[in-house]
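In structure tokens below, several structures.
Same chain, two partners: chain A is paired with chain B first, then with chain C.
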Partner chain A sequence: MKRWCAILCASQCIAQNPLPQFRDMAREAGITQVVPNGGTTSKQFILETTGSGVALIDYDNDGKPDAFVASGPGSPSRMYHNEGRGKFRETTAELGLTRQGWAQGVCAGDYDNDGYTDLFVTYWGQNSLYRNVGGKHFEDVAGNLGLTQARTRYNTGCAFLDYDNDGKLDLFVANYLKFDFDSTPQPGANPYCFYRGIAVNCGPRGLPFDRNLLYHNQGGTFRDVSDASGISKPNGNYALGVLTADFDGDGLTDIYVACDQTPSILYINQGDGTFSEEALLRGAALDESGKALSGMGVAAADYLHEGRPSIFRTNFSDELETMYRNRGKGEFEDASIEAGLGQNTRFVGWGCGFLDFDNDGWPDLLLVNGHAFPEVDKLNIDVHYRERAILYRNNKGHFVDISEKAGPGITTRHSSRGLAIADIDDDGTEEILVNNQGEPPSLLRQTAKPSGHWITLKLTGVKANRSAIGARVRVTAGTLVQTAEVRSGGGYLSQSDFRLHFGLGSSTAVDRVEITWPGGAKQVVRGLEADRVTPIREQ
Partner chain B sequence: MILAPLFLFAAAATFEDSFRAGLIALQRNDLKTAQTELAAASKLAPGNGRVWIALAQTYRKLNEFALANEAAAKAEQLGAKDTVVLTSLVIFYNEAGQTFRAAEVQARYARLVPNDTAARERAETLYFEAAQPLLQQGKFSETIPILTSASKAIPASAQLQLALGVACYGLRRFDDAAAAFLKTIALAPEIPQPYLFLGKFLDQVPARLPEITKHFLAFQKANPDAFAGYYLHAKALNAQSVEPETAMILLRKAAAINDQDAAVHFELGSVLDRLRQFAEAASEFERASSLDPNDAATHYRLSRVYDRLGKPEAALAERTKHAALEQAARAAKN
Partner chain C sequence: MTLAFLVVLLAQAGSGIEAFQRGDYKTARNLLDQAPASDARAKAFLSIVRAATGECEAVAPDLARQASGSDPVLRRLTALALAQCHIAAKQFTQAGPVIAKLEQEFPSDPDVLYVSANYHMKAWNDAIYRMYQAAPSSYRTDQLSAEVFETQGRMTEAIAEFRKATAKNPRAINLHYRLGRALLQQSHNPAALDEARKEFDAELALNPSDAVAEYQVAQIFATQGKKAESAARYERAAQLRPDFPEALIAVAKLRSEAKRYPEAVALLEKAVKLQPRSEAARYALMLAYRNAGRTAEAQQAKTDLDKLQKPPEGEFTNFLKRLGEKPPQ
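Now for the complex of A and B:
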């Protein structure tokens, strides 16, 4: 009898921590349209390689995140309404989202505090600020609100943030480089147009740098404050993914920008309307040997339960992924190998995000991959244009690569770019929307619910911006203490759900939630039940 | 030389007459007669590989290279199991400057005479001679097919595996390079080169690190007086971020044997940095920097530890050196 009990106990222990199985349910969900992004077997220009992002936002306030997919020419960027029960319905045309072009990034925020989430889409060309009109229609107001650009720019990552804590969302836009079809050399034209001996599209090296942009929300219109704020000062970076957070814990939102083949940027908010670029000084620009890597996507999490956001960045093949551990006060060190991330160097990484797929209270990490050059397949080497994703389980601060055993949603090969995360059906497991070049998007979902408990917090600002972007949350459940921040943009040119999801492990309740709203006001909520979405309004 | 064995096997009747006459003419360098007689013989016995190799030799001497190659190809096809044809073909291809083909034929011959060690060694030498000039010119993509074929033909050659590893490394095919170097180690564990090459790209083959670490440990134990063994073993541990205390001890041993190697001091500085022993880390990076002042990475690491030691001016100076070296490296690349 004793022996049978022991066997039963062992099997229960195993069952508590099974490997997740992810499946792509995009087709069943109705997200079926191909996302064009230039050539699929050969790309003549770098512009074909970088797009594009995705978003999971609740545009009509029905409580369910909807799916937005940014697209290159040949298709409009599409919106799919979440109909519930795992089904989506395309609403692109009825919402007025008809524009076609080289869409790159997407970020969201209620810039006019009217209670509806607005959408900003970056382009090679003029950006679009889609004002959400009552959840029924989007109108592009970029031109009317001071966001018109005087020349064609290669805008990439973006984020709404309230850098001066005035309750109105400002807007940061990264710029990759200066590009036009006429003056950019053809593949093979110079040494920057080769990869391992084969002719490929040129760049980014060899193409001129551009500068990043910051727009201040004047309460109705935006004003370009890039020069005055110091944002435009760095001039030697190919900027892609954007991540905002209060990295140094001073109550002000800072900005990190993943840069391709050049040092990444960390703008530290000085609190007087200006930013100081301090990535090199703070150890977040280069790898531990002082090399600039090819940064693409970027995400933040308190992966060690230290109460501070560390930075994860995806890079090119032959490079490690980077984990910059936040040692406090915004001082970073390259902890990639210590964190268990020195495992994959054959992938070109793009979209990335932390999610707690097993609800054990430790944020896991997903990144999606795909080479920049389709031509790489001709080389017959272990680097491919289409690649599987990488899923790391966070084992109490150390990441373990479980990709090969995590189901076809992870192992199927695509040339992926942006990804966004949300619990689309409020069942306590987070889903992932992935933009795949030249293919329909993927919607990754676990086939079984994890055993851990969870809570999702939906914050609404009152004095702070309505989206609560920049609000920092500390959740205590038993011995688990986790922190997270509401964020616009992030990952690779993408927007995840504003709601914050926390795995709670075996805890069936949350003892304490402490919210620090933008501006510094603190609010404490106690005794919340687990396994539900809980709204919290700023008091 | 090529003709001697063929005389012995010249067949009877009209074919025999023509073949013999052709061979004699070829030996006398009467190339026109040789061509006529051997062509006639080849018509009489078109399935005889020996006629075709004699004809190939004749055409080559007549500078009819396309015809020579065509005849040699027929000889290769018809005489695939004929040791006389194969040895003659090796000579033909070698004299024609087609070293890779000579190696391929020699390897085929060696398989027919498995007890002939010299035949296998000759094939190994020919393969290496075919690959070496390409390796030296950095033509790695052209070298790899030769060495891949070579390592299939002569799987027990450490020399060929090592060369294959170098070619793959040159093309940044790190996993293939690691596989070749590990095979080299399996074949000849006493050769230091594969260990040293593996040590150059440990960060590119994370999945193989546990296996590589075992080999490095064995190399260290087999060479207790060599600093490289301790250094490489420590480097493999550091690449996995495991056993920092062991790595520190190993690196101190390496430095005790050879204090003049900048890489050892850099690695030791990195371990101490990871262990948050910043003052000691700074000393090691300083030593590395004095030995190799042009290594940008050392200046960067020094700047980081100076920051942590509260020496902002020293940190700035190192950052400046790092930036200048990086810029110079980029300029040189362009």
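Now for the complex of A and C:
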């Protein structure tokens, strides 16, 4: 009887909130260029499997997020300017973004506090720090500012963060492993070069580990402080997605790194310029059976309205997605099954992000998928190289999979990697940009506007960094209390809009917004109207 | 016998061993035949050559005697030859003790392990053949076919065979459990969970004290978000078998969720005692200590877990390390 009641309740809840319908509007928006990333029917090297990320940033301060798509060789990474009314125009060449290579991750931040958002792109090879010159041009200043690397590195996720709260953005860069074309074994060369009996590209197991990097912003140049800060200490992890947040609520930004086939990393900021790696004891390294999973992408949200960021991580096929619920003080417990994430085990998940597609005030969850090995299609099993996305509706803290009924934008199969989220037209619904290997990107948009009210907050730091990265926001609207944080990087090697979007349900106004700026200064704003983008400048 | 002649014979014996080692059994046989009777080494190699050239039956008593000799090198070689003779003759009953003794004395020897694997494989093949001959339509034959497919990862075929077996003998213990497990392994489709649960419940109907089937049902309920049902089944699995570490871990998690940390710790300490190498038990214990505020013990549990998760040293690990040492170009 109890069970029938539960089923009845679930169906009524869904009936009250119509299912969203997502459609891919990339082609009509003008985002049409294919993103090459190695082979599409077979991949000889692991390097072909991990790229690439995307970004939605407003590079020219016209109020509309523009789209950046990182690419493997065969195409430059491309920028598309948001022209409004759902249209984009490619501006790659005019902005000076001509570089080609194995671009992996992208993260943004105004590192020089000049009011224009700069872009950092990681590569297998030297990274690029694109300084934004007045919104009209990008110049690669990595070499001039101390970011040149002494050897070829496989840089992946990245994030700007102000770890010492000095108002200047520092930079964290994850490194996957040591790779070169000559010495990496060929598919089938050793037991780590097989998947279900078929020869595939080797790794990450069997390939040498590398160490992560932290660069301190000296006010004009960057200095490598990886060793001094303790960031380079972990040496047994294949690092991919990067997520920054104040996980333990001490006012300092910590760093979480999703790691492939090895324990994930949680760097806890000690407040003295150093970090301590504490993922295992804090319960965010392994799954609930004490096994390391293949972590790829990572996102954070206060999905239970507890006032704390919990961590979601995408993993490989035959593994559960992971939800690490933040119990407080930065201690986590694996709540994947409890959160409703126990059943999707055939997907290799990459990009992920929380968005409130129905504006009900509960962050929903989207992840995009695609197997690492195109060769898997030869096996004729239920695991595929190209896969649909997964969309979960957050039903008051419990996630319900609505993917199959959420429209062709979700159900169409791609081998996707990074995703970024932004409300590209300020209409109160968030769009999603997805990087698809060997295909044009997707731009997912809902066909109908949800009924819930919303507010988007655009924060600007004054004492804090201009991008307000690290600012924590608590929004109260009636009985709804939500928290979020402005962050650089995240998801899978990608950058979402800095602006914070909150669904408000039936509330037509926000009672109170409390901002804790990096450094600890608090600011309260009261009585904001709903359904608009509201700028808030640090006082 | 003159000393000079003895030297010649010993040299011939030495040459015979060399000929054996390069695989020239004919020459080896000729030279070793002429070795003095007192040369135990030459005689042992002669027995080995004879065994290798098809005279197993004749030479088996000599090999058996030489396999109990004092020289470990000769003991190993003659025992290996004797074991191979028995395997070739399908004398598995005789081969078994010889191989067991070899494995006891030379536990890491690749030749010994190879012969042992060969013995088990051939004995297994022989038994299967006899089974297919004697009882081709028995449910046991279907069960065995299913298990073979299972080891090959061919789960669809395995399920079909398990179904045939359960249809023939629905009351056979453990068959429904195996079918349920195969169903879970075959598909990522959430619908398979219910199908598998039916089989585990069928197993429990036959054997209500099957704690492992009970545990599987609990896991399925948990995955489906049926928390209360899952908790009840975990509790029951632990009651049925208080020495079942996985069930203890699951129940400990329930206690932790209820903030009954001392009870969780006690259950997990027991699980670790039962299965000291279980990463799941150690990890859960570490978190339980942490949740209970027993920081020092949590740290110690972390250290224990770190040791457990260190990859085992061995030939393959070393090979991988060498790969890892290649500097990037």
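Things to note:
Here is the rule we go by: the second predicted complex is superposed on the first by the 523 of 539 C-alpha atoms of A that agree within 3 Å, B and C clash if a C-alpha of one lies under 4 Å from a C-alpha of the other, contacts with A are read in each partner's own complex, and residues count from 1 in each chain.
The rule is simple: contacts are C-beta pairs under 8 Å (C-beta built on N, C-alpha and C of every residue); 3 or more make two chains touch, one makes a residue touch a chain.
All values derive from a computational prediction rather than experimental measurement.
Per the definitions stated earlier, placing chain B and chain C onto a shared chain A by superposition produces a clash between them. In the superposition on chain A, A:Pro208 makes contact with chain C only, not with chain B. In the superposition on chain A, A:Thr479 makes contact with neither chain B nor chain C. By the touch criterion defined above, A:Phe179 reaches chain C but does not reach chain B. Of the two partner chains placed around the shared chain by superposition, chain C is the only one that A:Arg151 touches, whereas chain B remains out of contact. Taking chain B and chain C in turn and counting the residues of chain A each one touches, the greater count comes from C.
Once chain A of one complex is fitted onto chain A of the other, the partner contacts of A:Arg196 extend to both chain B and chain C.
By the touch criterion stated above, A:Asp382 is placed in contact with chain B and with chain C alike. Judged by the document's definition of touching, chain A residues 191, 196-197, 280-281, 283, 286, 288-292, 318, 333, 337-338, 342-346, 382 lie at the interface with chain B and also at the interface with chain C. The touching residues of chain A, when paired with chain B in their complex, are 191, 196-197, 280-281, 283, 286, 288-292, 318, 320, 333, 337-338, 342-346, 381-382. For chain C in complex with chain A, the residues that touch the partner chain are 153, 187-190, 193, 222-228, 253, 279-284, 286-287, 290-291, 298-299, 302, 305-306, 309, 316, 319-320, 323-326, 328-329. For chain A in complex with chain C, the residues that touch the partner chain are 2-3, 151-152, 178-183, 185, 190-192, 196-197, 205-209, 263, 280-281, 283, 286, 288-292, 317-318, 331, 333, 337-338, 340, 342-346, 382-383, 398.
Put simply, chain B touches chain A in their complex at residues 141, 171-176, 203-204, 206-207, 238-241, 270, 274, 296-297, 299-301, 304, 307, 319, 322, 326, 334.
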